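Heads up, the next two complexes both have chain A, just with different partners, chain B and then chain C.
Moving on to the complex of A and B:
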């Protein structure tokens, strides 16, 4: 059946839960592009034959192959676009530096797109808020207080605080720290916000 | 040194700094910690909280954190030993110690720079005077430099004789002074006891800063009640402290009595109660509570059949049907619950129990949540000492700390269930010990040892549970024995701690008398006995009368203890 490989790509992305980026399926994409090329060449030869030889019974086949080509194109574009959306969400989730595991999952072009996105986001943030710029990736929900109480869920090690000194994060120790320093670690699951 | 103005010398110093809190594992410390946390959160003081359950944990945690902090606050640990010696801190580290353990070590009292004690000085401390214990070393060296001056031989000889006489005089004085110093220190450090609850001290600090709330007041009440439940303070002191807290309670909660401006019925209110001392009776059935409170179980002698009959008589005397009494308290008939307290008090008087009611406090919030202070104490204590193996010690500490907030009621109820199990196990163990005569008199003290196969023995490997069990056992034993002399003896109790390491926990309890001052001499006695027999003993717990001992050394340790105390 035509377009099966393209469906595979879509299904792979559909199976990955929200926010996760599976590895870039270069193989699958290449197969889809080959299939498209084969279909196109067959269509090309058939069109020539239909025009010159007057064989109008080839026209439904040509139409069918054309539909498959369109479907393949739609599936690949959806695949690439969804991956880009996920990569964009990664910037908001993890910050500018991505963990290595995620970087291996991205293709070179996707990396480039990510860098460009980072740059335009940074330029935009610098243009807000007067001289210093405003970091809009902080405080995704309206904060209730400057400092929050957090509890450490696993041993993390030393963690630097604003005035240069560091705090040792050991399991089950509780800390009262500024909100903006803790947000990253809360998202990673090392700290837990305690509401008393 | 003692801090006189808590606000200026403690709070304003730490307000702009980052501090590390070391909190011991008992309910009073938890309550003091909650109050201090609330104050710090109000003022945005960055802090880190590290739970510690013994000296070893304190030392390791200190080593890990000493690079990062300059200010340390110790709650319910550290006042009774030489802190600088044990922790070896840097020059600019400052410790604030808020501890109920007495006597306060003299080095901690007289160190002016690094150790600040958050302890009220009117707490009958009887610290020896500075001159009696410390002596400047410079005086001796001055005199020894004078020998070499001498010009003429005859003058030199007489001067030499004089100097020899002077030196012998000085040496004799020095020896007398040292002997006196040893005596004074021995008297001072001989008995261990407890002072004002740390939670109350913290609450007074909050009051001074005008930042006190009803919640903090409740925690102070729970801290004080913990000291009473664990028999750490005398009855007199408890009543005095209750009076102090009652003034605060009426200050915060007077709107309940005012007819016009009453609060809505589901707001938090604390009220003073003169309530029954039956443990958890409002969350349990009356019958269960009567059987599992050590006061009633000991007086009725519920481990014997005769005792059970007396209990039935008691209930019949009040006219309470057995079926009602065995139901959950909240499901009992309203008509029976109406004058319950007075009825029970009257009947108890007839049966020889004069102190059935105690002064305490209760809290109401929401429409159906009502707790007495002792309920919360038992629930939190059981959460902290539960023997479940899936969490480490700090997990239990965190659970217990959470259960004190009003938004974590499910944890509090879970704690109540654990407390019921613990109390039942305690009474069953006591009953079996008394029926099988496991409590033997060793001469100067009574001794009881729990064998490894005893049911629920793992519940009693933690220090507070074991101390509570031992105290109740002693009370029951005193009621059960006819031997006059045995009634005045203290108790030493041993329970297996860890099978792999072959260790037992040993606890010493002072004798049970009506007007006892709760002073415990076992700390020093255990130390000396272990030294003289070189037994492998570990003084891990902050209370010096609880030790860990290797099981093989048990018999020689006991022999040494017997010879020491007789």
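Moving on to the complex of A and C:
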């Protein structure tokens, strides 16, 4: 039956636990596109035969292949679109610099889309809040204080605070730092927010 | 669950599926029994048991009984039934409808075809004379089961829920998950953790995966 490869792509995405981005299945996509090409060519020739040779009995067959073409197209577009939704989520949850492991999972075009999205978001954020702009990817949970207690979960190295002093982030060390500097690192799993 | 990933939701319970919804694509892959009303030349390769053989151009003969996926049945169906006619799968027929009306909570809807409600709703497109009864049955079955789903999702905190969801269909499982999320968020707020910044689930999952990659 047609469209099996396309269904494999869909299942691959559906299986990935909520929101995770699996590797880009370039091979699978190529096979779907090849199947579409073959279907299209078979239909072209059958349509010509039906028109010139009076074979109107071929029409159900042509419809069958056409449905398969539409289905393949739907699966492909849904696959690509869902991946973009996941990539978009990365900007909000991970930040603007993605780890290499993730970048290898993305196609070149998807990387380009990510960069464009980042740029649009940055432009928009700059346009808010007067001259300084407003970072809306921060303060995802309502802040209760300006400074927070954090514990370091792994060795990160030197970290510079606003007044110029730097802090050494070593595993298990605890610090009292401004909230806006730490938020990114906490979301990335480098620091842990301790509630007092 | 990732907080920033907003997937395309299923539209199957409404008039049309959502084109981009992965759930709807999976749902419409399920099969239903059909009967061909005309011969279909050159497609015999797919239905080897039914194929009329090389002399007749490898056609699927008229009157063959096949199982086709919903998307294909929808595409080939028209109200004059020129290419195929559609039969109702057993669970939407009178026999099973009576079982559902007797006690909807007992049935394993996951086994019956994991997209019971979505598939059943889309079946209505085929203009069966039983459409009114089918839609009533879908509705009443859901009404009968809903209370238990809501109760269990709102009261199962920090425990293994596999027994509770085992017999739910996909749509009901989605509901259960939503209920659980509400419960967990509320508990988190009650404990005063609502303002604690956390690493996103996405990040934590990627970290776990990295370790397995290194082991390979």
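We take it that the second predicted complex is superposed on the first by the 195 of 196 C-alpha atoms of A that agree within 3 Å, B and C clash if a C-alpha of one lies under 4 Å from a C-alpha of the other, contacts with A are read in each partner's own complex, and residues count from 1 in each chain.
The rule we apply is simple: contacts are C-beta pairs under 8 Å (C-beta built on N, C-alpha and C of every residue); 3 or more make two chains touch, one makes a residue touch a chain.
It should be emphasised that the depicted structure is a prediction, and the values quoted were computed from it without experimental measurement.
Undergrad: Under the stated touch criterion, name the partner, chain B or chain C, that contacts more residues in chain A.
TA: Higher number of touched chain A residues: C.
Undergrad: Looking at the overlay, what does A:144 touch: chain B (first), chain C (second), both, or neither?
TA: A:144: touches chain C, not chain B.
Undergrad: With both complexes superposed on chain A, which partner does A:101 reach: first (chain B), second (chain C), both or neither?
TA: second
Undergrad: Answer with first, second, both or neither: which of chain B and chain C does A:54 touch in the superposed model?
TA: In the superposition, A:54 touches no partner, neither chain B nor chain C.
Undergrad: Quick check on the superposed pair: does A:177 touch chain B, chain C, both, or neither? Answer first, second, both or neither.
TA: first
Undergrad: Could you say whether A:92 touches chain B, chain C, both of them, or neither, answering first, second, both or neither?
TA: The answer is second: A:92 touches chain C but not chain B.
Undergrad: Check the residue A:195 against both partner chains and state whether it touches chain B (first), chain C (second), both, or neither.
TA: both
Undergrad: Counting only touches as set out at the top, which of chain B and chain C does A:165 meet: first, second, both, neither?
TA: first
Undergrad: Name the contact category of A:18: first (chain B only), second (chain C only), both, or neither.
TA: Only chain C is touched by A:18; chain B is not.
Undergrad: Go through chain A and flag every residue that touches chain B in one model and chain C in the other.
TA: 195
Undergrad: For chain A, which residues are in contact with chain C within the complex?
TA: Listed in rising order, the residues of chain A that touch chain C are 1, 7, 10-11, 13-14, 17-20, 46, 57-58, 60-61, 63-64, 66-68, 70-71, 74-75, 77-78, 81-82, 85-86, 88-94, 99, 101-102, 140-144, 148, 182-183, 186-189, 192-193, 195.
Undergrad: Going by the contact rule set out above, which residues of chain C touch chain A in the complex?
TA: Residue list for chain C touching chain A: 1-8, 19-23, 25-26, 29, 38-43, 46, 69, 71-72, 75-76, 82-83, 192-207, 209-210, 213.
Undergrad: Can you name the residues of chain A that touch chain B in the complex?
TA: Interface residues on chain A, with respect to chain B: 146-147, 149, 151, 158, 161, 165-168, 170-178, 195-196.
Undergrad: Which residues of chain B touch chain A once you look at their complex with the stated criterion?
TA: Against chain A, chain B makes touches at 18, 37, 40-41, 44-51, 64-65, 68-69, 392, 394-395, 397-398, 405, 407.
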